[in-house]
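Going in written order, the chains are labelled A, B, C and D, and every chain counts its residues from 1.
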Amino acid sequence: MGERGTRFLPEGMERPASRIDDVPEEKVIRSLLDTFPSTVTDFKKLGKGVVRARIERRDLYRCCKFLKDQLGFEHLSMISAVEYDKRFEIVYHISCYGSCLLLELITSTPKDDPSVDSVTSIWGGANWQERESYDLMGIKFNNHPKLERILLPKDTLYHPLRKDFKGGG
Amino acid sequence: MWNNMGPQHPMTHGLWNLRIKVDGETIVDAEPEVGYLHRGIEKLCENRTYTQIIPIADRLCYGSSLTWSHLYCMTVEDLMGLEVPPRAEYIRVASIEMQRIASHLMWLAAYAADLGAMIGFIYTMRDREVFIDLLQALTGSRITYNFPRIGGVAHDIPPNFERDSLRACDYMEKKLKEYEDLFDGSKVFMMRNQGVGVFRKEDAMNLGVTGPPLRASGVKYDLRKDMPYSVYPEMDFEPATHPDCDCYARYRVRMDEMYESCKIIRQAVRKMPKGKWRAVAPRNAPAGTGLGRVEDPRGEGMMYVVGDGTDRPYRLKIRSPIFVTVSAAKKMLVGYKVADVVAIMGGLDMCIGEADR
Amino acid sequence: MNLYEFCYGIIHWLVDLINHLWYWLGNVFPWWFGDFFNAVGDLAASHGNIVVFTILLEVLVILIIAVINVLNFIWIDRKFMGRMFDFYGPYYVGFRIGGWLQNIADGIKLFVKEIITPAKADKIGFYLGPVIFVSSSFLALSTIPLGRNFGIATNPSGLGVPASALMAFAFFAIAPFAILISGWSSNNKYTLIGGMRSAAQMMSYEIPMLLTVASVFLLAGSFDFMDIVSAQHGIWFAIPLALGFVIFLVCLVAEVEIQPFDLPEAEAELVEGWTTEYSGMRFGFFMMTSYLRGYIGGALATALFLGGWHGPALIPEPIWFLIKAYIVFVVIEWMRWSTPRVRVDQLLNIGWNRLMPLAMLNLLIAASMKTMGWF
Amino acid sequence: MGNVIAFRSKDFIKWADGVLEGVLRRSPVGSGVDYLTKDFFNWATRNSIYPLHFGIMCCALEMAVASAPRFDAQRFGVIYRSTPRQCDVLLVNGPVSKKLKPALRRLYDQMPGPKWVIAMGECAISGGPFYNSYSVVPGVDQFIPVDIYIPGCPARPEALIDGFIKLQKMIKENKKGLLTGK
């Protein structure tokens, strides 16, 4: 595993201080719990190399910053927004280039105020994915550089992926 | 001067709009605009049963539809906790790699046509038919195959499939040498590619670019190796990388990937075990979440499905590699000439079907 | 084959015929302006008139030859491309004579199509662009003789142009203005960029081209096509001036805007370049004239470097000339369909940094050969 | 008469055009010209079909394949042009989303007449698999007149070539001469 980690580490990148190579899942859980003891909950190991954690939305930005800078999660794969009865859940799938590890970070917002902090300043790749979530699900991302509709025309009045939207599908 | 390139423009290969601000012939700002092909697939999936979604997943990307239906089936199998028979996995891997070659050949055709070498377009399109024929023999269709099923594949391989695949791989490797003569041997092609669209490793990693553009920036990140799925751990291959970060590196990475795909197809059809090719899948999925990640020809494809105990998914989210990659267009384009737009954006292998969903 | 005598004969016969008619009319109706008919008949039969009509007929003949050649060129282009690309090219149209009628069908279809002038276009420029482009190209064509006695500008009537080669290049160089005018007046960003590129490209490739042509002038000691071709009686200039011939071909490709240097109409980046807004027959004229310029280019290369109409006497002179021009054109097409397109800064770089010094070197070689007295 | 004198030159040209063309069209000269030219013009028009180089979805790929060596639509004089100004046929080969609809309509309006529209594939005909989506127009014929429908999802290249031949037949049935054609 150690050999593998160095082999896939990109050249010229600084190795983060607490980079995990061996038994990554437990290490991630431990360091997250140490840093955010009150806001990180509900750990679960979903499969080989996939960890799920929930975080309250007030700590989301700090947690993402910590994940990128300290734990080496450099790649934000996907941002998905899911609507439930009472809340919206925003699921971040974060992985790192070096080790086979995928973190599923879930945060939830109430229905009357669907807004979370934007992580665009941490991962540039989040820019359009957040815009897409805003477009289709109506979630507001605070501090986003340009929160506009991206897939639908600018004058659309609805957010189609919400369950109360009945047109089409 | 702001200039719209699209939605109808020969450069776009699909349906999107690149707004560039030019100063003379130099690009000073760029802003891609997508959404012209938005079909609302995520919403459509919520009202269809799990089996009905497979054809729609096929139509996500017209360049490599098999990868997407395979990804969908993998995701739902993860949700249902299904075990796929090994023969089905081998058939899947062989067909996906054929699809990858076909997709890369289509990219090469479009790229050559963009750069003005019509001969490249014609030759690659001609040789792509070999693999399209193989896939047609396997699945019965040319572009949208509807072949993977939840828990396996639709049917067994046709007779003589192994022989034909091996022949096709030999033919392809011969032809790839020819393309290398045609393109790498051309001074003009090298002039148009080397040092154009330089995309540093740090930017590529920050902006979430995956697939050949990322590997062409020197990052060895291939989900087939890094987070192996299906039977890829048993295959012997090496993800292609290139340290140059420019358009030529992207071209080289894709060419090398085609060689690797030939290798994988050979191993897959030779190692293919006997047995069943399809497991019985339940009609309803349990409540919970499922996740699938594959290495699409264009990057990291990902699906996230939320089941609620019924026969329809509660939510299906699709991560499209091109959607994220095209958002990095500004970083690549600024500072180059108008003529480089076709080389840079063509080098990303745009497939708008999956980006707009 | 003597074009002038041929045309003179026809015109003379026609004038005689008309004269007889007039005289007959004058005899039949003597009471009704009889003298007038006789006077008109005498006037028509004057030598000056016959010469003028002869030259007009010559122009017509050359025009017909040019148009047939252009149709052939488009057909050869498509068929040759087809052979390179593993397909047939046009095939099913007309009487299945290899798809030769395809070009005629295209032309007639474009004639039937609606002609659109964009609402915000500059009307005068938009109309003038194609006119200048087509007419300047035909003027350049008119100066090139196809045989010793087969040309307009160099005929034995004494009305020919003395420096016909110089004239040809002068007319050939008008085209960038037409392209610039039509690109600017279309009021479209792509056409504007295409027009600008065209102007930059043509002007920068004009200079090395004329320098190589100057070396030919130096060796032949004349600005006239007749003298240049007859100076190549012993040895074609392509052999002593091999470097110059290559430079000339490269510049020619840039001048007639085909593939490696077809930046003004680069299809992938500028939709159709400077012809984007033109529809119907105006576009047809542009397309036809671009092939006509290919023909002119082949003819110029033939006349200046490949010995013109010199060849074994079995075949008539104009046919020799056309065979050589066709071969040059096919070589250009070969380049066209197998190379990618260069970028505009690279194009200018090639023009100024590579071709210019080489053209100077070529001129030096020619001058030293002349000084040594080899020519 | 006073009106005629008060004409400006432009008006005069317009008036003369109208009157002369009207007279010509109605007179035996007009019908004679039409009779002489219609076969020829019709032959030219149907043998040189330039579709617009415009790809939307899966069928666009088959459109590209149809011009590649194996299927070779160029045999029939089919050449793809990139600008709508020089095209005869608008080949709609995919679902038309609501965001694309104005752009497609504009492309159709920019094409010079006579022009035809081919709807290729199920998506363009009726919306196809996306018929009930919130952002797809169910069928391109809702806002553009369509002449030829090519079914298939995606339509195969042979089907596309067959569509072009059907279009040729359709043009052949509808002959127009020099004067009636304009």
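Points worth noting:
Definition applied: a contact is a pair of C-beta atoms (placed from the backbone, for glycine too) under 8 Å apart; a residue touches a chain by one contact, two chains touch by 3 or more.
Note that the structure is a prediction, hence the values are computed from the model and not measured.
Steps from subunit A to subunit C, minimised over paths through touching chains, total 2.
When you average the Cα atoms of each chain and compare centres, the chain farthest from subunit B turns out to be C.
The distance from the centre of subunit C to the centre of subunit D, each centre being the mean of the chain's C-alpha atoms, comes to 34 Å. Subunit B and subunit D have CA centres that are 34 Å apart. Chain centres here are Cα averages; for subunit B and subunit C they lie 48 Å apart. Residue positions of subunit D touching 2 or more other chains: 69, 82, 99, 132-135.
Residue positions of subunit A with contacts to 2 or more other chains are 152-153, 160, 165, 168-169. Residue positions of subunit B touching 2 or more other chains, listed in rising order: 9-10, 35, 38, 40, 43-44, 122, 126, 356. Viewed as a network of touching protein chains, the structure does not reduce to a path, ring, star or complete graph. Contacts between chains, counted with the stated touch criterion, involve the pairs A-B, A-D, B-C, B-D, C-D.
Residues of subunit D touching subunit B in their complex: 52-58, 60-62, 64-65, 68-70, 82, 84, 94-95, 97, 99-100, 103, 107, 129-130, 132-136, 153-154, 156. The part of subunit B that touches subunit C in the complex is made up of residues 1, 3, 9-11, 25, 112-120, 122-123, 126, 186, 188-189, 191-192, 337-342, 346. Contact residues of subunit D toward subunit A in the complex are 98-99, 132-135.
In the complex of the two chains, the subunit B residues touching subunit A come out as 34-35, 38, 40, 42-47, 78, 201, 203, 205-210, 218-221, 226-227, 243, 291, 293, 300, 302, 304, 306, 314-315, 317, 319, 323-324, 326-328, 356-357.
Interface residues of subunit C facing subunit B in the complex, by the touch rule stated above, are 81, 84-87, 189-190, 193, 197, 259-260, 262-263, 266-271, 337-346.
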